[in-house]
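By written order: A, B, C, D and E. Residues from 1 in each chain.
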Amino acid sequence: MLNDADLAAIAITLKLAATTTLILLLLGTPFAWWLAHTRWRYKFMLEAVVALPLVLPPTVLGFYLLVALGPQGPVGGLLEHLGGQPLVFTFTGLVIGSVLYSMPFVVQPLQGAFASIGPRPMEVAATLRASPLDRFFTVAVPLARSGFLTAAVLGFAHTVGEFGVVLMIGGNIPGQTQVLSIAIYDHVEVLEYGHAHWLSGGLLLASFLMLMAVYALNRRFSLVRP
Amino acid sequence: MLNDADLAAIAITLKLAATTTLILLLLGTPFAWWLAHTRWRYKFMLEAVVALPLVLPPTVLGFYLLVALGPQGPVGGLLEHLGGQPLVFTFTGLVIGSVLYSMPFVVQPLQGAFASIGPRPMEVAATLRASPLDRFFTVAVPLARSGFLTAAVLGFAHTVGEFGVVLMIGGNIPGQTQVLSIAIYDHVEVLEYGHAHWLSGGLLLASFLMLMAVYALNRRFSLVRP
Amino acid sequence: DEIHIAVASNFTHTIKLLGTRFEASSGHKVTFSFGSTGKHYAQIKHGAPFHALFAADVKRPELLDKEGIALPGSRFTYAIGKVVLWSPIKDVVDAQGKVLQDGTFRHLAIASPKLAPYGRAARQVLVQRGIWEALQGRMVRGENIGQTFQFVKSGNAELGFIALSQIKHPARAIEGSVWAVPQSLYSPIEQQAVLLRESDAARAFLTFVRSDESLEIMRGFGYATPNVE
Amino acid sequence: MSIQIRFKIDRGEFVLDVDMEIPDRGITAVFGPSGCGKTTLLRAIAGLEPCHDGYLRVGEMLWQDGAFFVPPHKRPLGYVFQEASLFAHLNVCRNLEYGIKRVPASQRRVSLHKAIELLGIGPLLEHTAGQLSGGERQRVAIARALAVSPGILLMDEPLAALDQARKQEILPYLESLHDEFDIPVIYVSHSQDEVARLADHLVLLEAGRVRATGPIGEMLTRLDLPLAYGNDAEALIEAVVAGHDDEYDLTLLDFSGGRFTVSRHDLPVGHPVRVRVIARDVSLTLEHQSGTSILNIFPATIEEITPAGSAQMMIKLMSGDVTLLARVTRKSASVLDLKPGKLVYAQAKSVALLS
Amino acid sequence: MSIQIRFKIDRGEFVLDVDMEIPDRGITAVFGPSGCGKTTLLRAIAGLEPCHDGYLRVGEMLWQDGAFFVPPHKRPLGYVFQEASLFAHLNVCRNLEYGIKRVPASQRRVSLHKAIELLGIGPLLEHTAGQLSGGERQRVAIARALAVSPGILLMDEPLAALDQARKQEILPYLESLHDEFDIPVIYVSHSQDEVARLADHLVLLEAGRVRATGPIGEMLTRLDLPLAYGNDAEALIEAVVAGHDDEYDLTLLDFSGGRFTVSRHDLPVGHPVRVRVIARDVSLTLEHQSGTSILNIFPATIEEITPAGSAQMMIKLMSGDVTLLARVTRKSASVLDLKPGKLVYAQAKSVALLS
């Protein structure tokens, strides 16, 4: 049922979604924390910028990324100048695009979760000898658990389903940048419905199982909460 | 710079995003509240289902919606049987598709925000004579304000930028179902980059201004908070 | 050697078969990236690693040629698309396409005339018949010819202008009812290919595409073939 | 009428199992050690604690009977929670208004203005909950609960966070509430002092069960209850104002065993009052002594003597028909040869007029 | 060494402005009405309240001096917050362990085991914060703060939510902390009773400023401070154990004015103790009386007389070189003709041994 290209696409998709989610959590967490706590006057501008990539259709965003990251673009040009490899049509390029596009889905829930903790638990932890980083991980993160869950699920799922950006800056190269969503799209596009149903069904089922596991696990942990 | 079709597309886009966001908030709020408070054993399954549409590429989701809502599909067939109008290629169809696709972006932040309020404020309100609905609006909603903000921003922005689903079940009829994202996409596709830049730039600027206003307003209100 | 080729979506089935044959006979390996020609053009301009482009039209290959991105002299027409008016239901479409004037259909699907050559052809047909304006409100547009087909196939649009290649398969008969639109009603949908990078394998593949064996295959999938000079 | 309460709430290790009837007038104190179920009981009365098979009737209102259940917001009660519970999204003023708005104007009896003044929160009206000190928060919460003009007031240690001076201001006001508006109060406290000062009726909880319940005066002097053995063991005596001594600013109070002299309180002659005499403040002498600064000396008969620890004795006295408690060392009891039936003089060094 | 504190924190209507030096041994109580800035002061000491131009030295450790600032987690302190502050995501046991894990084993001095036992939270170790009663939460918070073996302990009304019996158990333990481990404690309270019982040193705050500071004994009997006029006005007396009366289970304590008799405490002869005599428990007689249950009678000279309200007088007495307070009615003062210099007998009905 699944040919080699499909299998490769699945592997790339998982790798892309996992990498993107990981990077988003890594970058998004401190950023969301900062947004939740800064008293900077103009933070509302930054908050607006975070949500901005969303309003562009993905293909169009992908197009602009292509221009920016391409050899004639500002980023790509600079990179080339410094002797780096170009980013477009590579897995790295895909990751950059996905990270940008899925950013708000990770940053916003985290920011909300951090803000709702309030200052008290962190103060308590400080009086119990926990350094800022220590208390961040042992207090803020567990208390913001539901925010992390939302962020991770939205970020991961959105990256799996994302397609326009990835198509544009990835170039749909089988085995390298062809992800599952594009593979399914291709099948639908050329009327290979049977194949598309299989892939979609499998994707849905796998995602459903994964999400269910995540939520069930979350439920088990949260039983400890008040 | 902008032709009539563009202007119509802008109007439809705004109408679609506003309608979708409104419907999502209306439906998503009670649903999120229920998810946040139920002790139903199997709620984790429902939580997984909510995030599921995300993992399908929008065009593919659109395709399945097209089939489901079409005259031979289960929903469309039933509707036709009951003497209703078909939904595909109508604004209503667009709304249905967008609602389904943007659902998790609204439900999940709301659920998180509701859960983090805890039971106490609602109990207090009950002892102050507030009926369940009353206290929901006067206590739960204001306390979950940041969740509503996140939900509305993500829902709105995602609908504006959404494109695959809308293209598929809208049929891209100018003045009826041609939204801005498709218009921009068309320009990029046929190398009318100048036009695309204008539209994208305008969209970005307008969105930026709107988001900034939202966040700045939010900041002003939240100054009252602890 | 391994070569990588960007191909317009409508040509997917055909080129896959060509690719398999080519690999068997030459020992090279070919991979394809399918997509809209507009995207491929943008990607090629920004450094996409394709060896060749099989476009859905003439315009983009011409541009690449002019801009000096394509290898000089490599551009050629590999196939000519045929437009049909199709419905999956029997007897909806008559052999003269009268249904367009008399029919009570709710939706007619076409590809976006702006984006897709098949859409442009559909418009030419309707303009010729003088019903382009009248049908505006009943027309739904697919982003590409694939989507247009889905509109019709799913029953949401009763009929639509699609590519013959979408319903014609060498091994199967055509379902439903169809009007094969006369070539005279629209300007030919020439699909051109260009070579983008120097590669013996790629040149070999382009040559293979022009072979009689290949042309036979293309005709089987519903394309007209250019007169080989 | 009365308040009838029957609840059984099972929480695993802890089970609240109460079945009691308390008066629906005056202040009923719920007293017991930490973790005995006081808060749980109050929550159940408010309808906040799910309890499938309970029974609750407050005066003529049936609030719960098995499956029949009046939801919390339909119960005309005021609740002061044990922990700060101000709405974080509203400032003090709007917190106060929240409940009032939901009470029909015709049912408003308590003056918000008065409550604000009394609780000293006037200058804080524009603050948010986060900008208040612990005591300030609690005071706002009290005012908020009062402002809904409740039919019954449930208070969970409302004064624990307040200083003595503030307590002294609020307590009389709470008392006046039930005098003026006839609002019964159920008052959770672990301060025997506060309880004696305020309560008319006492419910003694122990590990989720009612150990005893009854009028405060009786309960405080029952030598079979722990109340009589604490540092604050005391007797409450009903008396009436007999007159005033204008020269020394004193008030004279008559009870069946004699006359108390206390600092002046502006009450009309004949007004009934409650006087509190702490056991450790009462000394016994064999003769009526003079040349002492103690003004309150009464003849009394020893009723009962129980050891209170190894060095002390708790002595129950009858003066007239009034019970007094005195705590003396075993040595004194032995030296003075105290035994039931003996006539002694009880000297009460300090006597507090409560209401 | 000492603790030197200088803070100025401006919050608009409220300004905390303190500059004081307190001892770095024993228990220092911070006492004052609700909203006077006690919590703010404690938070500033912990480093939780931003204060740009403050100075704070604890013993030999400089914690703040203008821009120099030791962050809270590097200050070896224990903090019991005024409001419950358990981590909601951890059960009781893990709450307790949180701090301990972060203290090097070599610096652990306080036994968690002992603290758990004393605070009676052994059966609650598996509970989460939401499953605890108000008092239980507070007890866990105290144990958690103790368990980090702090160099200084900051406690914000730690016992307000606890019943008398529990307080009686915890107070001696807190005292033993500074005896055993030499941990200084800064203790916020609005209970004069608790303060007198516990504190060595007192800081009196009023509206953000230090009204007075000094050793507890001195502060309590200063007639220019409000402490001497409350219901709990009292004197603290240093005494030593003189012997025991085994027959009656009593302990005899000598001080320069005579000998106290109190319930037995198992202390060696010669052990220094602190005795508390509440002003309202002290009556004055002109003659030494007999036939009374009162055991503690001392000759004393009247030092100073001040009115306390319109009906009462506060009388400062010297017995030996010790100050006592007696509160009597103006009438008694007049009848007995009390005036400075006069010799009287002070009868202390009840006397509490504190440590």
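In the analysis below, contacts are C-beta pairs under 8 Å (C-beta built on N, C-alpha and C of every residue); 3 or more make two chains touch, one makes a residue touch a chain.
Since we're looking at a predicted model, the values are computed, not measured.
Considering every other chain in turn, the ones in contact with both subunit C and subunit E prove to be A. In this assembly, the chain whose C-alpha centre lies farthest from subunit D is C.
The geometric centre of subunit C is 91 Å away from that of subunit D, both derived from CA atoms. In whole angstrom, the spacing between the mean C-alpha positions of subunit B and subunit D is 56. Averaging Cα coordinates per chain places subunit D and subunit E 26 Å apart. Those residues of subunit E in touch with two or more other chains are numbered 131. In subunit C, the residues that reach two or more other chains under the touch definition are 39, 42, 147, 150. Among the residues of subunit B, those touching two or more other chains are numbered 59, 63, 182, 185, 188, 226.
In summary, the structure contains touching chain pairs A-B, A-C, A-E, B-C, B-D, D-E. Interface of subunit A with subunit B (complex): residues 43-45, 47-49, 51-61, 63-64, 104-105, 108-109, 111-113, 115-116, 118, 146-147, 150, 153-154, 157-158, 160-164, 181-182, 184-185, 188, 196, 200, 203-204, 207-208, 211-212, 214-216, 218-219, 226.
Touching subunit A in their complex are the following residues of subunit C: 4, 6, 9, 12-13, 31-35, 39, 42-43, 45-50, 144, 146-147, 149-150, 153, 166. Residues of subunit B that touch subunit D in their complex: 120-121, 123-132, 134-135, 138-139, 142-143, 145, 224-226. Those residues of subunit B lying in contact with subunit C across their complex are 59, 63, 66-67, 69-73, 76, 86, 88-89, 167-168, 171-173, 182, 185-186, 188-191.
Against subunit A, in their complex, subunit E makes its touches with residues 46-48, 71-73, 77-79, 81, 85, 87-89, 91, 98-99, 102-103, 128-131, 144-145, 148.
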